[in-house]
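Shared between the two complexes below is subunit A, which pairs with subunit B and subunit C, respectively.
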Partner chain A sequence: MSVPEPTAPVVPATRVRRSRGQTVGAAAAVLAALAVGHVVVSAFPVDDRVSAPFVRPTVVGETVELRYARLTVGEPTGSTVVSPAASSLLSTPGVFLTVPLTIVASGQPRLLSFAELLGGDGRTYTVFTSGRSSFLAGTAQPGVPRYATVSVEVPPEALPGAHLRIGLNQEDQRADDLADIDLGLTQADADAWAAQDTPVPVPPRSDEPPEQP
Partner chain B sequence: MSGPAAPPDLRARARQSGSKVARRALDQPLRRIGIGGAVVLLAVTAAFGGLREQTQDGPEVLVVDAPVDVAPFELTVHRVVWTTELPGQYLSEDGNRWVGVVTTVRNTTDAGVLGNTLGDALTLTDVDGLVQKPGTLTPGVAASSIALLEDGSSLSPVQPGLTYEAAFLFEQDGSVAPPTSATVLVQRQTWGTGILDDTVSWREPTTTLRGELDVREARSDADAEGES
Partner chain C sequence: MSTPTVTSPREAPAGWWRRNRWALVALPVALALALVASGDRVRTLWWEQDLRRPTTVAAGGTGDFHQRVYDGVGGTLPIDVQVRLDEVGDATTLPDEMELPDGTRAVQVDLTLSADPDSVISGCVLAVRDANGARYDYVANAWGAFQAVIPCVPEDTPGPRASLGELDDKLSDPEEPPRPDTWSVSRVVVVPEGTEVTEVVLWWQKPQYLLLEVPG
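Right after this comes the complex of A and B.
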């Protein structure tokens, strides 16, 4: 005959009964804390400032030191027709602006892939890794100059006062260095390039300096 | 009046539990429970925009050569044509053909927009044998490519302040007869974040214009000059 194992006596769980006033008070306190938190976050929008890129201003011909590379911007030029290295001629009702860059990576290989043009007309002109407005530098090795060209399609009125921005990450520039280059363009440049139909070559990206025309 | 909807044993258990809420809920007739459920359901959908004001009843009629504002673009549809050859454009299979919607495109915002957003703005339907890219959520069939008439390049990015003449190109199975008509759908998009994705972008293409247009075979400039 088997003897049942002695088991520990079951102690009934003690339920702490709170008064209705305590429950309502606790709920009100939680809601009040949430409301105060919302007000603090709304009144002091620190997120944008904390995550803003570190803008490094520079001008054509000068070298700017970024966290990930040294960047030198060459003389911009423009026309209504460009001749990309990897495709046929492109024509625009506006102007194709081309800007040569020299990139020297710092510390490790870097793939700079962000570019955009802040037009003098207040608009932002998108540059992608392919398409009619493009920037595709390829990987720059540390200490080895990498040559690439930004090509961006804009209306002529965007050129005077335009700034080119170059960064590391194509999708996210938060909390990282961002070069801001004053291209020094004038209305005379815009007028001349809008009337120009001689194709401007866009040299292929390379570790070799592009041939001078 | 109808009696309580819950079975007697369930109501008895509710009474034994001592819960006033459970007892009262189970004593309600079926009609009242149904109405209450509908109210709760409506309240839940309100959290996802269920009570948002409807901006329009349905798509308006698309008129040829009339510009329409469909954020982030202004589109003007000129004509729909088909052809078997286009310089610089490649069909996925020999023998297929292109159905092209010839348009004028303007980006009406203050920033450049990539071509995939433009692709969501105009789609085609009511044409047999269109080759559709998998995974598209836009109403109708999205264009295989959008080519500039000037140089045949793919229109991306679409920059603000410029006016582009472009053709939305749809590939049609060559074993199907060329279409004589097609329905063009034009979508407006909304700038914002998604429910599960906090990236800000143009989203939620909603058809705001719809037009059934005649389709004819494309003529080259030489053909057109020969006829005149």
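Right after this comes the complex of A and C.
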């Protein structure tokens, strides 16, 4: 702004004075860098992928190796009535689906506590709904097979194409192995079970194999 | 300022490194502080979630274990015990009504411990490990049997428990004899058949633990 007087000494500036154009240019470059950074961060769904569980697909009868256990899923069955080990009979206008599991923990005692059903109708059915559905495997000693049963109350239309998911931590499945079991169910299974009123047993967890009917 | 002949010793504008020297010095410090500040949950969510700091006792030796553990009501309690592993082997007699699942065997762990009879050492966990590092825990209520709930103290004279405040008088039994200075316990752990126990581990609060080597 001020014009130096002709007599004034020329003192070299210790700081580099930038022209207005340079300042505006630098500000624009910073804003552009922020904008590019935002695009890079939001263009790729990194957060979701970093925290996603490692889904291990399997089918009925096959054994799947998880970080914390070896899991084998038995033949699913269903009915409108179940007979839980610790309570009276439960009946439903839908279907109770029961799936027997064999869990062999590895490394240290493990408490598998997460289960949910991804229905063929696109809905997710949680297993912890005030005790009508259940999965209580308890803590399993490594190398000692634990037999437990999942029971889920669902509408019949959820059964064809349904997948069962089993994991370690009920609250948090991020960044850990998660078994995804294709139960291989069809519309015929759903129709048969929706018309069935013979109670299906849900035996308590045990380290002895369940008796074959 | 007013003397025309005085010039700055630095004729050329100072270089970038020189102008920013203090910021450059501060940068590694700031980076270190940022890492420390963002790592505050590593301790609670990772370090204290597993057995990481062993006090190793060679086979046949007696281990001295010291730790200050949280008492759950805002304070800490000292754990101060001496432990010797007397023997590890197949259980000769199973606990009452224990039925071993197929493919398993029962391992008996005999320990001799010493501690001040007035000290609180009730929150202990016992386990055995094999050569691969797999850990098999002592389970008090399993396979049909009820063993001692606290594996490291005598069942009939367990000694004091952590204080619950005013309830202590009502909960404590004045008739109960004190815990002896030295005592032995014998506990049964169920492991898969073919498991060779190489270590016995005992802990109160992770990450510290007592690692007792089994004579090979």
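Just so it is clear, the second predicted complex is superposed on the first by the 171 of 213 C-alpha atoms of A that agree within 3 Å, B and C clash if a C-alpha of one lies under 4 Å from a C-alpha of the other, contacts with A are read in each partner's own complex, and residues count from 1 in each chain.
The definition used in the following text is that a contact is a pair of C-beta atoms (placed from the backbone, for glycine too) under 8 Å apart; a residue touches a chain by one contact, two chains touch by 3 or more.
Just so it is clear, the structure is predicted and the values come from calculations on it, not from any experiment.
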item: Touching partner for A:207 - first (subunit B), second (subunit C), both, neither; value: second
item: Residues of subunit A touched, compared between subunit B and subunit C (which is higher); value: B
item: Which of subunit B and subunit C A:153 touches, first, second, both or neither; value: first
item: Contacts of A:70 with subunit B and subunit C, given as first, second, both or neither; value: neither
item: A:92 touches, of subunit B and subunit C: first, second, both or neither?; value: first
item: Touching partner for A:142 - first (subunit B), second (subunit C), both, neither; value: second
item: For the subunit B and subunit A complex, residues of the former touching the latter; value: 88, 110-115, 150-157, 159-164
item: Interfacial residue positions of subunit A with respect to subunit C in the complex; value: 9, 11-16, 106-109, 139, 141-145, 207-209
item: Residues of subunit A that touch subunit B when the two form their complex; value: 87-94, 116, 121-128, 130-133, 153-155, 157-158
item: Residue numbers on subunit C that touch subunit A, as the complex places them; value: 1-4, 6-8, 10-11, 13-14, 19, 101-104, 133-137, 139, 143, 190-192, 195
